[in-house]
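Heads up, the next two complexes both have subunit A, just with different partners, subunit B and then subunit C.
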Partner chain A sequence: MTRTVAVTGLGVVSALGGNVDALAAGLLEGRCGIAPLRLFRHRGRANVAAEVPEELPGHDVALDPATTRRLSRADRFALAAADEACHDAGLDASLRRSAALYAGATTAGMRETEEAYRRRRAGEDRRFRVSHMLATPLSTPAAVVSQALGVFGPRGTFSTACSSSALAIMAGAEAITHGRARVVLAVGSDQLCRLTYAGFDALQALDPEPCRPFDRERRGLSLGEGAAVLVLEDAEHARARGARVRALVAGWGTSTDAHHVTAPHPEGAGARRALEAALAVGRVPAQAVGYVNAHGSGTRHNDEAEIAVLRAVFGERLPLVPISSTKSQVGHCLAAAGAIEAVATVVALERGVLPPTVNLRAPEPDWRDLDFVPRAGRRASLAVAVTSSSGFGGHNVTLVLARPGAL
Partner chain B sequence: MDAGALRTEVKELLATGLRLELAPSDIPDESPIFGDGLGLDSIDALELVVLVEEKFHVSIPDEEVGRQAFASVSALVQFILSERAR
Partner chain C sequence: MTAVAITGIGVVSAFGVGVAPFWEGLVAGRSAIRPLARAGVPGVELGAEVPALDVRAFAHTPLARRIDRASLLALAACRLALADAREPLAGVGPDRTGLVLGSALGNLGETEDFLDRLFERGTGIPLVFPNLVMNAPLSYASIELGITGSTAFVSEGEVSGEAAIAWGAGLVADGAADVCLAGGADELDGVLCEVLRDARAFAGGTRPGEGGAVFVLEPLARAEARGARVYARVVPHPGFAVPAAVHRWPSDAAAVAEGLAPLLADADLVVAASNGRAALDRVELAALRQALGTRRPAVTALRGAFGDFGCAGALAAAAAALAIAAGTIPPAAAPPAHLADLDLVQGEARRTPVRNAVVNALARGGLCRPVRLEAA
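For the complex of A and B:
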């Protein structure tokens, strides 16, 4: 019998707040978490970002004091989200012990390393200290979560730029369908740092104002930070232990553009193959899809290629399929984006709320027939949705998520 | 420098050098520096050796010397004083 992949727990940290309820409220209200950059000084074109508020709720997981003292922001985001997700799923110590953990990361504790370098240059520290470098490896957030929560199963960290945690979810779903794991923690976590901020700004990829995906005047993306964790579980296993199934991961697909180091393929050839593969894996006809949580970065190239793909796959029905970009609210959280947007999509299915595209004033003239859910969230009953992520270097991942019993 | 002033400096180095969430005056004189009390681990030990060597111009060449020097704040003060007297 084919195994079905259930989502039984959710956790999230973003500019909209430190838990799933805060995200859900922010989606419905259409709050924008993008504001002036405060974490570090940057001299360039852009100066806004979606920072996680300082008063972020803590987590009550057990870690030794020395490790706790050295955690990076990316580690703390991941821990808070994992703690929420494990509580939500009702995973006790024995279920966590046998779980697998797949994570996505692009810079992990880079900001702490940058700070160590700054202190050394400013003469505040006489030498580089090993403790300030321990958060640098991309595998650290996954290591910290597994240590804190006692997760002893298979573990891996993917770094495929902005699709990293979408790929982690896909790896988790495959581990379950192939019988390699019954419970998987899929983790995405990234924090703002100078490297990515200055890098994206130098590429002229940042909108000087809060990003405006799909708007005719969009000028680029806004960077964000945060983490999300989804507890994935063999649906039979979830049923047997009486866990609440919040959604199903019904399909997944990945592809590579093999086109350019930063630009997407102009017609979105790779993104289209990922979307078609995800629908095929889930045996989901395109007409069953009721909502698209787009990659929607807000760059001219991405949005154009993405709408071209959606037009090709959904055809004349596309105006009836709401499309929105959660990045307009929480910024582009890089490795965390795929998981945060998967959580937003599960919230949409479960609570019947279409997440909006905020900051959208006037869409591209050619896209006026499309429904971008402008300004605020909208009540709607949804059965099946897709969420897409595309990363630098042409890494595409699409996930199909469904309400339990919808397929 | 007398032992009292040195003791204060050692505690300040521990608190600020290792970024502990502790006031220097809250660090006890006689409990082991490593172990449960201050919540330090083996990575802190590596760093503390370097910090102490740089700040007080002493040498902690091996684990055995380290074990004696870091037995407590008082032991570390004695170690620095006796190294300086040599």
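For the complex of A and C:
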């Protein structure tokens, strides 16, 4: 590998707020964005979620009025985060034009689509309101960002469940290292919808209370929504134009469990291979890693498999490596999770703040030796961190992120 | 960059199960468009439906008894491609085997069942929800085939099939996988027909369809070393985007032509994206004219034979690979009049060597995903 992948811009929309500063403040304070569900009515075990606040951040990009009316929430989250990231990176129209765009999505405009479907089925509409269903294709958020910001390089949308946007970041990093792109927008965006909420609840995968990753009383995940965008750039290109390098994407790895359509491999065999591959790609020894932003969904199976993997890879040093779950604050944002957590990890490296695991009262007895950064963020100087994502179907992606000059 | 060979093709189409009925039908100039038995709704009587598949023929694990139809179409195409490539995985570790599948809309039928119950009773169906996750076809296929390497699921609207093939070819070219299955599938159902009807999608003669196609891709050197039949090579291309309204077909033919021109410079065959929708057909024709200049490669258009759907491009790519291997270009189905001033293959198949073929691929929102195939 000859080219280095830099992160030169960040943007994020989550339950903690509509920009990176709001996320960073929320991480440090240990705010929890999970609250009673307001977007729609749900009858079931759980009724909490991490919703993006009503007042979305504004953006100064132009789309025609007809398109703007038809944007889904997922589209608007993606657009707001991309606008912030492009401003942050100082990408002018020329740089955006040739940039590649890789996105992750799992439901895109399903919230609007399911409502149009319900109205037609209930006889409230004589025909399908097709204009309300245009945001259904998962490629729509990427198309919105592309057309609104004039991004016309290679484009792709991945849907590997909860690892979707982590895979988009990996795809972007590979495009840069193989010389196919100099600048990449890696986008993750998803919104809450009735289908997803009822589905996870039917599987009894939702914690009725705000999720408690790694806690002995944990009962599942809390769904969230939002978007994050990372501007990835060939480090030489970034330096030549005087861009600020916020972090490096030092390594990446992916694997597939081939085990079950929903449950992770019990020993985390696939997740371990993804982590080991990411460290190998970046030539990063395990002992260099100072922080793990875990997948940390809060389900019994995930957290057990994940800690088993970390113990296997980091060995006796693991108690010295802080581990936390950003999902405890912003919920599980599905396709956006990998990108949001990558942004949180860059914030950790850049601002010297360990993101916390909130709602953690008492960890599993076997994990009492581990540092889950409970309650609130903590100041710490970090050089190298990993962030892991695992999705339904056993799709795993791990990224290694580093402070510039750390490796 | 490693040269990437196509050594296996699996197709499940309205012509039937396998490459043979698909290719024989196309070469004979037949159309698989028939009265819709399963998905028809008032106003949408004709389309291309895949005959009922025997689940047990393709899904062998207990887990897969719950497989949904869209996933089954993809899995069937994967198994057929593997059989066609004659043990391409021998000697390849599961973690060095890749799998890239695509779909525009995924599992429609069970999504509707789930929503119906949700709106009637307020609860979801736990056994069905795992199948509604968009990458369910990837999950099922990876479990059934024991693939643990680099995998991806892509969803790119009307170019989902081409995008999956391009991504899979990239994995082999970059050395991320020693063998990769790549392609996609989409299903048709009554609600989709209703939605498309209400969107007036059939005004220009477009016929809805469904099906799946998957390639086995491997390094050309490996394919030659094991004596595999090589249909063609895939030239990895990252694709490009052009200005367009987010929910509409692109209209800037010059931008499409600029991206297409390098791929078309020496192409003998263009498999057009034409699907009967005026806006797409118009921009494609203008872009081809501009990109080709005075050159007149053979052009065919096949969605009139196997229907229009998100992953139809995977079937178009399969046809292009078979055209290169057989030296035969199937005629355009329901010959698109707007392409008639190009060298459109009409009426009968044309026997001619095909060295380079380009499968044109345009999606709403301005994504272009052309696939270029070359003779090995």
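Criterion: the second predicted complex is superposed on the first by the 402 of 407 C-alpha atoms of A that agree within 3 Å, B and C clash if a C-alpha of one lies under 4 Å from a C-alpha of the other, contacts with A are read in each partner's own complex, and residues count from 1 in each chain.
Here, contacts are C-beta pairs under 8 Å (C-beta built on N, C-alpha and C of every residue); 3 or more make two chains touch, one makes a residue touch a chain.
Because the structure is a prediction, the values reported are computed rather than measured.
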item: First (subunit B), second (subunit C), both or neither touched by A:Val261; value: second
item: Partner, of subunit C and subunit B, that touches more residues belonging to subunit A; value: C
item: Touched partner set for A:Asp303, first subunit B, second subunit C, both or neither; value: neither
item: First (subunit B), second (subunit C), both or neither touched by A:Arg127; value: both
item: Subunit B versus subunit C as contact partner of A:Pro65, first or second or both or neither; value: first
item: Contacts of A:Asp215 with subunit B and subunit C, given as first, second, both or neither; value: neither
item: Which superposed partner A:Asp88 touches (first subunit B, second subunit C, both, neither); value: neither
item: Subunit A residues contacted in one complex by subunit B, in the other by subunit C; value: 64, 66-67, 70, 127, 130, 134
item: Subunit A-touching residues of subunit C, taken from the complex the two chains share; value: 63, 66, 94-95, 99, 104-105, 111-112, 114-116, 118-119, 122-126, 129-136, 138-140, 142-143, 145-157, 163, 167, 174, 176, 191, 194-195, 198-199, 238-247, 255, 363-367
item: Subunit B partner contacts - residues on subunit A that touch it in the complex; value: 64-67, 69-70, 126-127, 129-131, 134
item: Residues of subunit B that touch subunit A when the two form their complex; value: 18-21, 39-41, 43-44, 46-47, 50, 54
item: In the complex, subunit A residues that touch subunit C; value: 42-44, 63-64, 66-67, 70, 100-101, 105-107, 114, 117-118, 121-122, 127-128, 130, 133-134, 136-140, 142-144, 146-147, 150-161, 167, 174-175, 178, 180-181, 194-195, 198-204, 254-262, 270, 273, 391-395
